[in-house]
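Shared chain: subunit A. Partners: subunit B in the first complex, subunit C in the second.
Our next item is the complex of A and B:
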């Protein structure tokens, strides 16, 4: 009897458990922080050390995991005969590695903040364990976001990433600005996730499955086979719009970007750093998966309006971000708009992949360019936010005025900030230039010349507002005394600047080469047919909608 | 007498969805907006359960519905904690009063 019940549950075998190894690493970190707080007492230092160890361990699991994945085409956790709920392939591993690296950096930044900022550090240290549980929880959600193609898991992953983020934005209690930022964040998040749930319920209803790949196949076969009535097209658009609302919120693409500047300004600076990169990278990963699976076959059949949608979104996001950054006086807010603009540049790579026909050779360069862009962007933002944090902790202000005379007051920080800023513009000797160059090349190859023009114009706009900070640092000295910053903080921003310089000059050829090589191993468009094979055996034939009878 | 079918459920869900959107756009009270969100989530649940019953015959839609109920609860818990925090500093949860951050 008991055995029968036990057998009726689906039990994962050891292979399946090993196959999602990196996710166990992050989940285990959360448990370890909670247990350590219970056993050793509440200590911020212990939790931060556990977070760094957990991130390192997860990265190590990723490295040992990658060769196994390469051998066996895909690795997922799937009930027998079903589609994989979790899919930790090389695509996911790349993003999980980036998330782990960034988790460690943000933890480092937090430690610097706790040690230098006397005013806030008491509360900082007292609530350390909660903060790290929430931080690693959102990292876990982001890792889930990039490793699934199942609509249910997509909802769960986005919520897992979002709910802790809302809490850490409002983590400084009795801070009015933080309270307001978290209020706006939670309301926007709740609304977009509700829209997404509704869109997903419609998609499930239309196609009778939750697997994104199968939905993609069904959409394309159905639309190719019959003259679909306009009403059906409209309904599909509504459902897809709902799905996009959830993801657009995570990457702050334009109609869903309103939360971004307010939240970035209101949250404490290490949280802002975390949200500006990790959350965006995870959202882009998820978007690429969905574009690859659902939307790309859709673009082939839906020739007219939808084929340029992503390109339009990218162009508008980029332009709005850059224009709104013009009048800003707070560096944090300026960088928030800059991150919206960069989401736009990265969406351009998505636009290429969206419009790529199967078998064409434009998708892989776009993937490679996007990988390089995300990596470089990660370091640029880490450096820029790191410098802003150090200046804030030393002067108590994050306005542009606080940067006046920084070139004399703290030359190393000013130099690192300058490198990051000009790299964000995309000027030549820095990594940002290389990233943008490959992106523009990929755009050019896929005949999206108008997007190239948009990107170039935007880069010229952005030169103005980024150089306002540089101008303040070097040419607007107001004679304030010099200050020193903690050695670890200096090391962090200088390391970020050095990485930007290195990706900018000597090894850039190697970097794009590796990215290209990697892109062809990823779960890519070009190889989509080969990817679908292991699934095709398990998945049932697509049932035409008419043939499905009501019970 | 017509029997109740898939259409009726879908129309009810669509009506709930529209009411939810209206609630979200018209209410200025944070709790009111959250209620609008819950309406939309319930519309999604109704869709999922109806589609499962009448169309697909599998069970996964109902599983999604259960998870969405769970998510709605989790989201409400964290949202209300944040509203409390906001209330503590402003003594109101009118979202129009959240006007410190602009530009």
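Our next item is the complex of A and C:
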């Protein structure tokens, strides 16, 4: 009896504990912040330093972990007989690495803000430990998002990422705009969570499994079969889109984007920076997994109704984001719309259905393109928001007017901002160009020419509003005095600009090569079938995939 | 250490120096920025010498294999990916062979001397650094990095990157004194004129990529690569040569180089005499495999070289600006190198490049030293007899002058002689032009020396006495003068190791292409002849400018027409101005008007649509959550309907 009860719990062995090392790193950081607050007293400085150390350490774990993951049999961690709750593969490791790097950068930005003693940082300083627990908590949720294909874990991970985000958006309790932003964010999150839960319950009801790969296989056979009633097909599609709603909310895809500009404007700038990148990266990572599992097995023809719908989603998101950015006067809001537009570009990758030849380990080019895009986007947005933050802290305004004459007042910041802006447009020789080039190339080769046209047209639109800032910086000097910014802040944005320049031409090939490797670890997921047959799967897959369970 | 590790650090040392100078130069340490540059270049030079040692140590039988290998550092660019990898990668790859080794050693040793010299030159008489001191060293280090990249490049794209980077640095450094309008104009001219040649170069690379499907030297110069170029060698070679003509200031794109002397003298010495302008020679030598396949291209290279050599030498005789005269001399010497390349003597051409780098940079540094002492004046009509006050400068100028004149047993003698001897075997007219130019070279060089350094002391207004330069300037000059005198012994035709080594990679010795072709003269006779011609040139310069100065004036007067023509550089600048520059300028004005009034209006109309759409979308974002919920529901409904109708 006792043995039966013990057996019904999943008991991780040591290997499994080591396998999820990066997650331990983030969880440990949270614990360390709490303990430090208890032992050393509430100090924002201590918490921020612990966060940076924790994030760096986790990034380092990811780094050392990646080669071991590629060789070892770690794949799924699951209770006996069930579908794996956590996946440990290099795709997850890459995204966790990016999230940790970004966490360290955002914490750095926060420290700069705290040192300039701006109004909202005062609130942060008072409640430093709470803020960082929440920040790292949302990072932890994002790390979970990219390392699971279990529907329950997906809900859990998205909530884990969202709840702390709601709180840090409204962290300045006495600020009305922030409180309003937070409330809007919560309401939107609640509605989309409900939609997602509904979709997931439908899927579970249809198939009786929580494993996305299993569901993907079943969905594809069902949709491909000729005798399936049309109503059933439609219901399946609706269920899938319910699932997509949760992700659409995280990446602010139209029509789940309405929260984005208000939240970005209301939240303090570090939080905005954090949400604009990390939350999108995690959402897209999860999206890629689901697409690989669900859409990929459908790759019978290029003309796939689901892929067409994703493509339309992407086109509309991108166009709405870019057009709505036109009349903005606040740089923060403008960048919010820009982040919607970029979510649209990245979503385009989701529409690419790749027909790999059986037995070939060639990855879907969309995945490699998207990984490159996310990496470059991370640095572009870090730079753009970082510059905006520095200007805001120095001038007290985040309007485009505040950027007037920046080329003279603070030449280095203006130069870094220009690099980021033109990279966001996608002009050569910056990283944004390379990212967009690979993406459009993949679209083009997948016969989605109309989507290429949409993306190009949108890039032209976006040139207009991004260059408005550049114009203000260099051609609209209103003679305001020069200002100096903290050296660390300058170093941060210049480092971002240098990375954008490096990814632009000098290391572009290495980047896409690496991304391709990571992508091929993700695909072909169809070959993995289920996790119940580790031996069979191991024979087919370059990385042996074995479900680990207690004896 | 594997050779590519050396190569990487040779590149990184000057690059890091440039970045660090840029980073710390703005803060306090501006005064010391030359130390970073000197350190970076010295480290690179040590590594280059070690690398060269490694190249030399390659056993004979392994050379063909090792020297044609491509050293891949990382995958650089891929036009396709995943299952789309139908196109080739461009790798970040190096080519490490004797040609690269010689170029690296040349570039870096001259660079080191010039950087040390600059730390003295770029200061005023009180030892305070000039405005932009750190900028100067940052650009100089960046240039050295670019030049090393150019010679290390293992494919055409990387070569082109280095090629354009040195062009950029040249632009930045010619325009170093940018508040001066003539410097700004000269910088622009240099950039634009070389770009005309670069356009041809780029076309050549496209053509190669189109035919071969690859740009790596390792492939293009292999049997398989050359086989794909069959029938296209002449256009490819001529297009590549366009780039060389622009960069190496050959006719008809030579006009930028004399103007480039607006830059500081160390820049003239390093970039516009010793290194960058020889990039064209390097490139043609590197692509010897393609050039030698096309007799037309070879003939073009040889004739352009010979004609430029003669033509520039005649202009050099009439110039009174010491640096400009030396610039024409550089053009003329580069012409020699192309003559060498065109007559299947690529090793001799590279050898001449090597020796020329030493003596010409020495001459420019000495001219800079004179200019420094004369308070910025460089017109030889306004000073004279400087040898008394400036002993070291006069001495090194003599050494450099003798080497340039091809005086027996100095470096220029050996290398020039080899080119001329090879020319004799191919075409008598070209060889005669070459020998006449040798005579003119000796004459114009010593005209400068006798006017500037000998005779009664004469100083420009405002300069009290001719003082010798600081040790930071004289020591590098003395070191270079050792190179100018002795560099020739490294590469002696008989028993010299350098040419032998070079010949293992440089394709197309004449003996292979036209075996049994009889030389008009024996090597010894040719050598004696160039020695005699050089002595005649020197003696006649001595006679005319020291003994009977009236002769020069009388000759100039008697041949007024030709003299004015030559003195005004054959009016080529004026011709270009009338035929090309002005019409382009007018076209530019027209385009500006068109753009301003028509395109702008059109754009305003077109952008009205997205702007209007943007305002409409903004009205959706009212801030009220009810509206948002409505928007989301409508959006969802649209999607559901779309999905339902699609399935």
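Going forward, the second predicted complex is superposed on the first by the 478 of 551 C-alpha atoms of A that agree within 3 Å, B and C clash if a C-alpha of one lies under 4 Å from a C-alpha of the other, contacts with A are read in each partner's own complex, and residues count from 1 in each chain.
To be clear about the criterion, a residue touches a chain if its C-beta (ideal position, glycine included) is under 8 Å from a C-beta of that chain, and two chains touch if they have at least 3 such contacts.
Since the structure is predicted, the reported quantities are computational estimates derived from the model, not experimental observations.
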item: Contacts of A:486 with subunit B and subunit C, given as first, second, both or neither; value: neither
item: Which superposed partner A:184 touches (first subunit B, second subunit C, both, neither); value: both
item: Partner chain(s) touched by A:368 [first = subunit B, second = subunit C, both, neither]; value: second
item: Touching partner for A:201 - first (subunit B), second (subunit C), both, neither; value: first
item: First (subunit B), second (subunit C), both or neither touched by A:429; value: neither
item: In the superposition, subunit B vs subunit C on subunit A residues touched; value: C
item: Touching partner for A:159 - first (subunit B), second (subunit C), both, neither; value: first
item: Which of subunit B and subunit C A:193 touches, first, second, both or neither; value: first
item: Which superposed partner A:28 touches (first subunit B, second subunit C, both, neither); value: neither
item: Which of subunit B and subunit C A:262 touches, first, second, both or neither; value: both
item: Subunit C-contacting residues of subunit A that also contact subunit B; value: 183-184, 187, 191, 195, 261-262, 327-328
item: Residues of subunit A defined as touching subunit C within the complex; value: 183-184, 187-188, 191, 195, 223, 230, 233-234, 237-238, 241, 245, 254-256, 258-259, 261-262, 305-306, 308-309, 312-313, 320, 322-328, 354, 356-357, 360, 362-365, 368, 438, 441-442, 445, 461, 464, 505-510, 512-513, 516, 519
item: Complex contact set, residues of subunit C against subunit A; value: 74-78, 80-84, 89-92, 607, 610-611, 613-615, 617-618, 620-621, 623, 625, 627-629, 631-632, 634-636, 638-640, 642-644, 646-647
item: Subunit A contact footprint on subunit B (complex, rising order); value: 5-6, 10, 13, 17, 20, 24, 30, 33-34, 36-37, 40-41, 43-45, 47-48, 50-51, 53-58, 60-61, 63-64, 67-68, 71, 74-75, 78-79, 81-83, 85-86, 88-90, 95, 98, 100-103
item: Residues of subunit A defined as touching subunit B within the complex; value: 151-152, 155-156, 159, 163, 166-167, 170, 173-177, 179-184, 186-187, 190-191, 193-195, 197-198, 200-202, 204-205, 208-210, 261-262, 265-266, 327-328, 333, 548, 550-551
